[in-house]
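Got some structures for you, see below.
One chain, chain A, links the two complexes that follow: it is found with chain B in the first and with chain C in the second.
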Partner chain A sequence: MRIFVVLAASLFFAQTAFAEPVGSPIPVGIAVGQTTNVALFGEEQVNGAKVAEKMINEKGGVNGTPIKLVFQDTGGDEAGAINAFQNLISRDKVVAIIGPTLSQQAFAANPIANQAKVPVVGPSNTAKGVAQIGEYVSRISAPMTLVAPNALKRALAINPNVKNVAVVYAQDDAFNVSETGIFQEAIKDQGLNIAMVQKTSVKDTDFTTQVTAILGANVDMVVMSCLAADGGNMVKQLRQFGYEGLIVGGNGFNSPNMYPVCGKECTGVIVAQAYSPKADNAENNAFVPVFKEMFKKDPAQFSAQAYTSVKVVVDALSEVEKNSGKKVAEMDTAELRTALNAAIISSTYETPLGEIVLDADGEITQKTFYVSQIKIADDGKTGAMELLPE
Partner chain B sequence: MNIVSILQNILNGLSIGSVYAIFALGYTLVFSILGIINFAHGAVFTLGAYCTYALAVGDFGLNGLLAGTSLPFSLPFPLALLGGSVMAGFVGVLVERLAFRPLRAKGADPLLALVSSLGVALILVNCLQFLVGAEIYSFPSGIFGSLPMAMIFKMDGKILAVRTVQLIILCVSLVMLLALAWFMNRTRMGKALQATAENPETASLLGINVDRYILSTFFISGALGGLAGTLIGASFGLAGPYFGVSYGLKGLAVIVLGGLGSIPGAVLGGLVIGLGEAFLPPDYSSMKEAVAFVMLFVILLARPQGLLGQQTIQKV
Partner chain C sequence: MFLDNYGFLMVAIIQQALLGMSLWYPLMAGQLSLASIGFYSMGGYIAAIMGTSPLFAAWRETLGPALYPVEWLIAMLASVLLGLLVGIPALRLRGIYLALATIAFVQVLNVVVLVLDVTGGAVGLFGIPQPFEKRIAYLWFFGPLLIVMLLFSWRLTRTVAGRSFMAIREDELAAQAMGISTTYEKVRAFVIGCGLAGVVGAMSAPFLNTWNARQSSFDASVACLAYVLIGGARSIWGPLLGAILLVALPEVLRPLKDARLIMNGIVLVVACIYLPQGIAGLLASLRRKASGVA
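On to the complex of A and B.
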């Protein structure tokens, strides 16, 4: 009998030991690549998340309870992402994780969070199937099916005489491969001729062979699905070798990192964007000035998406408080994680990206996309993307 | 493949290959004296490029501790290249002091220095990111004065395109290689270095200050690495503090391919890998990194000592 009492008592204490309240400030995990070759993107994501934390806490956090971002570096590989996720889940006891930076990292690390029933919001994972990894996984980074045809139409408005097009894409990057498919369909739909398709690599820097082939084919438009560093180098080399036609870049070009790579040669490049700092909506008009004050530059798409992720989590936390009538800081961590995930999915959010909807799978539908043209300032280093009129 | 595109590929290959050669020479010099690989050489390459950028442009970007600051002066590119290389040389000396000397003084297994150099490399690269951020820097287009950015030659309807920076890289590399050959074979100091490499004990008995020569070797090696980093940076931009990592690995492939410790071998290895990459059809460009290692594999099967390396004789 006595043994049962001891057992029951120890079970009781074990239970209370597990039932930990969330506490204040509410910990939210940010697991992005702050080192290795993805640091370029991770840095932008960290900046965006920090702006969100500052703005949200200045407005009173979640109905008076502040939030606290817990940063964990994932590096650029899968092992780093898994490690960061595990630390955030068991050591830092975060209520949700925002990350990781790359889709292939998401496929490795998200199942761990899903198993531990911790909601994950993907700020920059665009590969097919990320939102479907599990019921605790959602993302706010949209695929680019709508914006590519728009970008082409705006380019044709600038030069209606375009006939022959060269298509370039980075074959070793999943996002760019799927984007070029959309571009190529759109080019054919516009009745244009694809004169050649050139494959590159995101690691390439020397494009002399591709550029000479394009120059030899006498095209009047080059449509590129590449990232900022490789794409910027290729634009630079195209212009240096005397190519004067139109250049249309995919969403990979939507980064201020283009400017230092191709400098003055960037001017005139048309860019398909999931986010523009010039977008005119209430959320963006509040976000951009604070970001500019903190970091002395316009926010990049990665920054805006990281900000959006934090906002999605905080909006959902408020929703949980409203529905349950309890303060989230006093709720048990495991209980809150489950309630939070239910609040994140199947909801609509006002964000700097415009209105976004997350469906029951955690998949995003984004309403507005943008098309801009790069203009480099006279110093040859700073620039801006000017929205092209509809 | 027609004659024009062959010419184009040879030009592209020689230009990039000559940089690989200079970079790999830095590895070779340290290897020939200490018998180990300096894994911090890739980090020195990166730092050299950033130092030259700082001297030539002087403006820092928007991230990191130095965000928004700028130096009160900016040097013309040739001077900045020289300054950046010298600074990289001193970084090389720093690496020797931090990673190699303490272990050598304690008589540790030389292999341990391999690990400590890897550690110093990580520290250097992370400090760099802390200072200047992970963003991309690149030299402005007017850096070479009034020279045109590129030249186009038309030959039987085909186009041969030459970027000015490719020619500059080729010329600077060739001058550097000749200067190094002269230094090693014609000067007292070069000969002393060779003697130290041959046998440090005998060299020290002959009155050569071995420690000083090891330090000089690291200086020359660092300067060569920094020069290579600048040349790559001038051509393609400085793609963040980690951009030296892949060149570091490629440099290793170059020296093993050419023959460990052989100076002409490093040059030949660099050119072979550069040409191999240039002749890879653009459709397979994502496999460029693999080219160096496939060539390495094939050549080592036939000649385990590398192209110009000497077979080591086992003494029992």
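On to the complex of A and C.
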């Protein structure tokens, strides 16, 4: 008889141990790459998320309950991302995860969160198929389908005589490969001729072969999908070898890290952007000054996207409270995660990126994109992105 | 709870140990080859393509879960064949030149993978079918393989083939003078490693959910070499001990945040300076001291 009581009691306790309330502050996981070579992006994301935490808690968090960001470093590889996710899910009991930095890491780690029914918001995963991993996966980073044609139109406004275009892309980077596809479509749609396609690698520093080929083909415009370091070097070498036509860079150029790499040669390069610190909307006007005060520089796109991800989660948490009439901190973690995911998708958010909509698939629709032109200061090291007029 | 948290890590240790072991066989014959990671990558691609490509839809229908062993077999055969092709010319080189040639081989493989469509280019392949729900269940893949390979290694050190490998490692000229066909033996040791790396790759693709060109980076090659050297290149336990230390350390040190990679580096440096025979060598000398032989 006694053994039954013990068994029943232990079952009871096991059950209560299983149902855990969320608690206050509400834990939100941030799994981005803070070490290895993705740290360059990961650090910008950490900064953006910290600004979000500060601003949101100063405004009273989720209807009075503060949030707490739990950071786990994913490193740059798939195993690191899986480990970070697993820690956040089962040890830190976060209500949602923001991350990871790279699309390839998302393909490895997101299925694990999906299986555990934990909502994931991807701040910077642009590869095709990320949002489709599962019903608990969404992202706020748009593939550049809209901005590429925009950037080309602005370039044609500057020089309407463009006919022949050279396309350059880094073939070992997932983002650049998908972006160049969009650019090439857009070039054809504008009735321009793709004179040549040159492939590079993000690790390249010498572009003599590509530059010579481009100069030989006599093109009027070069459209590049590269990252900041290799792209900056390539622009520099193009200009030094005497290329004078237009240069359009993709979203990889949208980083202040470009300026010191290519210096004065960068002036005039047209950049397609998913975010600009100069964007004029209420959310961005509130975000930029706080970011500047904390980090003494303009927020980069990765920072704005991380900020946006946190905001999306918090807005959805408020939505859950409104719909259920219960305080989030008192809800059971598993129950909240499901409700939160339902609130995240199929909603509209006001963010520094402008108005964004997440569809039922967790895929983002972004309303506004930006096209800027780089202007380097006289010192040759610092610069700014000047928004091109609509 | 503990298994939820550390299940993946425990299996990752075994997976990395097996990868280290694939480098250990050529080292047993004194050949420093960094090609393993290339065969690992190829094996992973074979499994990923067979798991996701529409070309193999009929195979997946008819074989069901039996597809996994078929993938391992194909990955092993492909790795052994390519291993022979690469090994026969490359193993005429020695020491650092062999290491360079094998790195070059991995780079060539990487470029091929980035250009091909069937490998998914820079994004790689994803949505690979999963045989198990939980990561810890992958012990059913890697665990038996580890046991088989440990038994194989242990037997190998006691057979003529294994002793020829070690003879070449100690003195190639003397081994040749004793009538050992050194090229033949070196290729044999190399190919055993290639086959193992291919199988580990094929098991790893579903384990990681995704497969791409970054699996065979230079860093990964060096990490594999470190497992063997830190663990002890002369003991069959070396790769396992090295992987336990080097894979687990950054995870166990997670609470230290940024300092964890510094700690990891310090451990590596200390191990290199004070443990020339690796952890296995240290354990052996402790045992000798304990039994009073000194």
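General observations
Heads up, the rule we're going with is that the second predicted complex is superposed on the first by the 386 of 390 C-alpha atoms of A that agree within 3 Å, B and C clash if a C-alpha of one lies under 4 Å from a C-alpha of the other, contacts with A are read in each partner's own complex, and residues count from 1 in each chain.
The rule is simple: a residue touches a chain if its C-beta (ideal position, glycine included) is under 8 Å from a C-beta of that chain, and two chains touch if they have at least 3 such contacts.
All values reported here derive from a predicted model rather than from experimental measurement.
Overlay on chain A: chain B and chain C clash in the combined arrangement.
In the superposed model, A:N218 lies in contact with neither chain B nor chain C.
Contact with both chain B and chain C is seen for A:T35 once the two complexes are overlaid on the shared chain. Using the contact criterion defined above for the overlaid structures, shared-chain residue A:R91 touches chain C, although it does not reach chain B. After overlaying the two complexes on the shared chain, residue contacts for A:D172 are found with chain B and with chain C alike. By the touch criterion stated above, A:T208 is placed in contact with chain B alone, chain C being left untouched. In the superposed model, A:Q240 makes contact with chain B only, not with chain C. In the superposition on chain A, A:G129 contacts chain C only, with no contact to chain B. In the superposition on chain A, A:E43 makes contact with chain B only, while chain C stays out of contact range. When the two complexes are overlaid on their common chain A, residue A:S346 makes contact with neither chain B nor chain C. After superposition on chain A, the stretch of chain B whose C-alpha atoms clash with chain C is 114-122, while the remaining options among 114-122, 132-140, 168-176 or 240-248 stay clear. When both complexes are aligned on chain A by C-alpha atoms, chain A residues 35, 171-172 touch chain B in the first and chain C in the second. Across the interface of their complex, chain C is touched by residues 34-35, 71-73, 75, 77-79, 82-83, 86-87, 89-91, 103-104, 107-109, 111-112, 115, 127-129, 133, 171-174, 176-178 of chain A. Per the touch definition, chain A reaches chain B in the complex via residues 35-37, 39-40, 42-43, 170-172, 198-201, 203-206, 208-213, 215-216, 228-229, 232-233, 237, 240-242, 257, 260-261, 263-265, 295-297, 380-381.
Interface residues of chain B facing chain A in the complex, by the touch rule stated above, are 5, 8-9, 12, 16, 59, 61-63, 67-68, 126, 129, 133-138, 140-142, 149-150, 152, 158-161, 163, 166, 232, 235-237, 239-243, 245-246, 278, 282-283, 285-286, 288-289. Touching chain A in their complex are the following residues of chain C: 1, 4-5, 7-9, 12, 114-115, 121-124, 126-127, 130, 133, 135, 208-210, 212-215, 250-251, 254, 257-258, 261.
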